[in-house]
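Note that chain A is present in both complexes that follow, paired respectively with chain B and with chain C.
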Partner chain A sequence: MEKRVTFRGWVLPLILIAPQVFISAVFFFYPAGQAVWQSLFIPDPFGLSTQFVGLGNFEYLLGDRHYLASILTTATFSIFVTLVSMIPALFLAVLADRLIKGSGVYRTLLIWPYAVAPAVAGVLWMFMFNTRVGVVSWYLGQFGYDWNHVLNGGEAMGLVVIASAWGRISYNFLFFFAGLQAVPRTVVEAAAIDGARFWRRFFTIILPLLSPTSFFLLVVNIVYAFFETFGVIHTITAGGPQQATTILVYKVFADGFVGQDLGLSSAQSVILLVLVGLLTIFQFKFIEKRVNY
Partner chain B sequence: MKKTILGAIAAGTMVLNPLLAIAETEVKFWHAFTGRLGELVAEQVENFNSSQSSYKVVASHKGNYSETLNAGIAAFRAGEQPHILMVFEVGTATMMAAKGAIKPVHEVMAESGTEFDPDAYIGAVKGYYTTTEGQMLSLPFNASTPVLWVNRDALKSVGIDPDVDLSTWQKVEDVLDKLKDANHSCPLVTAWQSWVHLENLSAYHDVPFATKENGFAGTNTELVFNSNGQVAHIEKMGEWAQEGKFIYTGRRNEGGANFRSGDCALFTESSAGYAGISSEAKFEFGVRRLPYWEGLGNAPQNTIIGGASLWVMQGHESEEYKGVGAFLSFLSSTPIQAKWHQDTGYLPITAAASEATRAAGFYNQKPGTDVAVKQMTAKTPTANSKGLRLGSFDQIRGIIDEELEAVWAGDKTAQAAMDSAVERGNQLLRRFEQANR
Partner chain C sequence: MVDVAHGMVEKRGVRLWLTHVLMVLGVLVIFFPIWLAFVASTVTQSEIVRPPMPLWPGNHFWENYTAALFSGVNVPVATMLLNSLIMAVGIAVGKIIISLLSAFAIVYFRFPGRGFFFWMIFITLMLPVEVRIVPTYEVVAGFGMLNNYSGLIFPLIASATATFLFRQFFLTIPDELAEAARVDGARPMQFFLDIVVPMSRTNIAALFVILFIYGWNQYLWPLLITTDPEMNTIVMGIKQMFPSGDDVAEWPVIMATSIMAMIPPVIVVVSMQKLFIRGLIDSEK
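After this line comes the complex of A and B, so read on.
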């Protein structure tokens, strides 16, 4: 069924993929290789002396209950960020898709938050929820709720999840919206004529036909939650209170650039690399089977 | 046509300004100051450059303290290090251990032939940056120490005499009780909790924070701040937090905003908070010595400093080091130091600068500005009160912050939290020891 374009010989294909291979080599394989190499040492910050410790850094990490707790924190954080950024985005996309007039304005407005850099978004949310001058925390106080994410771990986690997911809703919205536009009208209309109500059409026709988009977004959002939320965490909580919002990437930064322990930091990035690799393989192997292209 | 004119102007300036024609030796100075402090540093550099013609100091701002240190380290690895690097006090052990990367200040001074008398510097200030043999490794630049800031109006409003004795924590507790009984929403707030309530608490009561003279005598040091004295204080603070007498606002100096706006009655913060408080506070404020626990240790000993010092980096020409020496000695000179002390609220690094400030009547005009100086210099520092020299200390402070938050939130007892902080901190100290073997 599938159409395949085939090239004769090897030269042209090699030339065509060369730029991609080159970029991957320079920006991915070389640094990743460096990280693996450095993870075997305990170097001093200035690079004057290093001690070879083999897998010592990994042993140290896996024996550290705070590191293991950080893995759990990361899992909680990524699941919530993914859900909170995908479900509202889908909801908004469905609404926008049903609009006849003004969907352009609506769409544009919804895309705006995506243009805000994570660190800036972090600062915005931090001010809104600031325990002393924050608008939202003030209103919560009026309702008798004492908001204090500086000491309450659950509230801190909630706040960084919302701040991270907020800008992401726009990105997901764009993809869902495009996906919805690609759902053939004829199928939906035929179902409507057969008497299927909106929600039934949504769950039996639209959602399955959207599954490639949803799957793509799932993978991309988890990777986002793992790696790109650093700015939000750094500006709002710096990993606290206690270790409530210390996700793995934040720990890589803290150990490498606050602690100047490059060996330990490299070992953590290697573990992170393996974790995300496994997660992606898992997603492609098990979830993709249920995706209809 | 335009180019010719510009060229002519340039040539004219060269002729008119012979200083530019002489090759000046350039000295690079990386610092972490912005705003008013940044302007004051620029002014010092400008004064030095115009005071002589052989050397030219070029100052660059490289971000906050941590970022400046990281920039220095990265530059050293790339062979592009500056001559002078500003490093905050918690980075001292990191710099000291990097023997191949730094050039001790006493050596720079000896080689440059500039006049240098280590005894001119205030003991409690230079002690932090001096070896156990008394050799100065880096030049103290901006040093401050924690004091107790008082909102006098807040005390008056609940019927407490604003001149009430607050010298001990026992007496402070009475005041906190009265404030709470009067439904005051923020009796006590703090900045830099680890620095004030553990590091300085230990020094002030002359009890050890870590073994081996708080790390001065070797990298095989271990944290011991889970002892009775410190735990008792943290336990008390935890109780106050639960009762709403101590309000926790964050790990850094977030509490400053609460105090300056008039929300809080008492505030433990650096003496360098003076600039901000005096310009923003719309109430009558006072400065007191940091309180101590009556009957605990040998209190009051002396408190220790926070702030930064200037490190000289390896790998430059000897002519350039002469310029570094000249600049450092310029910074230590009495008029420059006295001005810096008065402008910023940082401690003077020499006794002469403090004397000059007193003679000029500054302490009388601005009462309380000498509290920090007196608190630092009242006694000769002991092994427990010279300062701290612990590797990975920035990160250990992060661990202490986490554990203290567990106490303030009521999740852990003070003893359990301090035990855990000590255990986790010791692991980092062992790694640091291994890295610098």
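After this line comes the complex of A and C, so read on.
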């Protein structure tokens, strides 16, 4: 789509577009290029010079037990975050959609967690499950369950999944609710007249009509779990215990800033860049609504 | 007939009550972490360290909140709140301005390199800051922008989402308006300021809500570039309040800080709910 009526001149538009191009170049393209460049080198043990190793860093990573474990951790983490955030959201949206009055009040209350930063959500959940003072862990103890996410990798994973999914329930709820409101009443009513009960109507009519929304949410929740949950992991587990919650983005940080291995961290950044690129292309290919050229 | 069908779909009586009960339960479960943080911010340290802590607020609200605001742990929380406010508003306003300008250039002009710049901006959609942190950090350090506001704001300003949103909207502005402006001899910038910007105000407001929350809730970036506690933002500063080692955390002060960290974005989201939902759905779809 293009405008028929445009203004003349090319100096003004170049000036107008310059700030964004400048910022993109300095803070996006140059660093991304640097990441690619640095990924081809390893520093010597004294950090005085670097040595060209070609794809050595990548080869090392793909054979590294810790990196492969981190890939698996990321996959597990993002699948669970997506499920735990989408299923309750759909359930709540279906309930809210059934109410003629009052759904606005519930919606107002339900969007709160979206505004809470992942890092703050991490602190809240860490407090509830804290091994010394946590309320939930204390009550679990009363029932004979000894909760300790500091030592138990499975429990640590469960906790970061719930803390990450919590705020996303609000987000998914809003999209599901909007999707449900758009389902034509006449179709649902026709099925009702034909005698279809609620759950039958839900699975045969409503859910299929919601599939574009569900698919869209599936993709954006996976992207969220991959790239936006750093705050949750850093505040609750710092990647532990024994790297049980070290997702790929966390590992870039841990190797680059804590471990100071620039080449290895950059190679991981490059792998993530490729991954984001693929996810974005996937998203555009299947959700073409987003931008039309 | 319609009434009958309606009655069949929207069940009354017991079903309606059940729906409300389930909904209230859902809201309670989702609210519980916030409630607990609020309760913890109104009781004393000794009530928390001897579990189980109470589930109903105590009467130390003012004490804990003033302690957090004016002394904090490393730095007064008031300072962190101000830093967060400057960062969030800076990012939101900065993004909106550069996006309005570049979208206007792309939609209303034909100039050399237009397609190239369009794709250049488009591709930044694919580069979240999390995956290029080390080199971006080096750039910012090289400019001497560590521990100051420009370092907090500028690297996060250039995202393509806002540019695309404005571009989509500008394309729907009737051509007659630009035509009339041109016939009247208006300069492009006059047209931009008098017609395009006022027409975009709803979109601008909706984007402001989304971007304010985006900026306020940043964690990794401020964590990297603000080593000076005076420059900490509140969202990243909470974690810094936990002692290293075996010391006991000051839970009431930390929880009061957590509550204060969520109040501004919650107020923005709840009070501008309609705009927010519109902005969210527009910017994603």
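Just so it is clear, the second predicted complex is superposed on the first by the 236 of 293 C-alpha atoms of A that agree within 3 Å, B and C clash if a C-alpha of one lies under 4 Å from a C-alpha of the other, contacts with A are read in each partner's own complex, and residues count from 1 in each chain.
Here is the rule we go by: a contact is a pair of C-beta atoms (placed from the backbone, for glycine too) under 8 Å apart; a residue touches a chain by one contact, two chains touch by 3 or more.
This structure is a prediction, so every number in the text was calculated from the model and none was measured.
Chemist: Counting residues of chain A touched by each partner, does chain B or chain C come out ahead?
Modeler: It is C that touches the greater number of chain A residues.
Chemist: Is A:203 contacted by the first partner chain B, the second partner chain C, both or neither?
Modeler: A:203 sits against neither chain B nor chain C.
Chemist: One more residue to check, A:132. First (chain B), second (chain C), both or neither?
Modeler: both
Chemist: Touching A:257 in the superposition: chain B (first), chain C (second), both, neither?
Modeler: After superposing on A, A:257 lies in contact with both chain B and chain C.
Chemist: Please work out whether A:150 is in contact with chain B alone, chain C alone, both, or neither, and reply first, second, both or neither.
Modeler: First partner only.
Chemist: When the two structures are overlaid on chain A, which partner does A:49 contact: first (chain B), second (chain C), both, or neither?
Modeler: So A:49 only meets chain B here.
Chemist: Just to be sure I read the superposition right, which of the two partners does A:282 touch: chain B = first, chain C = second, or both, or neither?
Modeler: In the superposed model, A:282 contacts neither chain B nor chain C.
Chemist: Please write out, lowest number first, the residues of chain A touched by both chain B and chain C across the two complexes.
Modeler: 132-133, 257
Chemist: Give the list of chain A residues in touch with chain B in this complex.
Modeler: So the residues of chain A touching chain B come out as 42-51, 53, 60, 64, 66, 131-133, 150-153, 238-243, 254-255, 257-261, 263-264.
Chemist: Would you pull the chain A residues touching chain C in the complex into a rising list?
Modeler: Going through chain A, the ones touching chain C are 1, 3-7, 9-10, 12-14, 16-17, 19-21, 23-24, 26-32, 34-35, 38, 88, 91-92, 95-96, 98-100, 102, 106-121, 123-125, 127-128, 132-135, 138-139, 166, 169-171, 174-175, 178, 185, 188-190, 192-193, 198, 216, 220, 227-228, 230-231, 234-235, 249, 252-253, 256-257, 262, 265-266, 269, 272-273, 276-277, 280, 287, 289-291.
Chemist: Considering the complex alone, what residue numbers of chain B touch chain A?
Modeler: 66, 70, 73, 76-77, 94, 97-101, 248-251, 254, 257-258, 261, 263, 392, 394-395, 398, 401-403, 405-406, 408-409, 411, 424, 427-428, 431, 434-437
Chemist: How about chain C: which of its residues touch chain A in the complex?
Modeler: Going through chain C, the ones touching chain A are 4-6, 8-11, 16, 19-20, 22-23, 26-27, 30-31, 33-34, 36-37, 40, 48-49, 51-53, 55, 97-99, 101-102, 104-114, 117, 120-121, 124-128, 130-140, 154-155, 157-158, 163-164, 168, 171, 175, 178-179, 182, 188-189, 191, 213, 216-220, 223-224, 235-236, 238-239, 251, 254-255, 258, 261-262, 265-266, 268-270, 273, 276-277, 280-281, 284-285.
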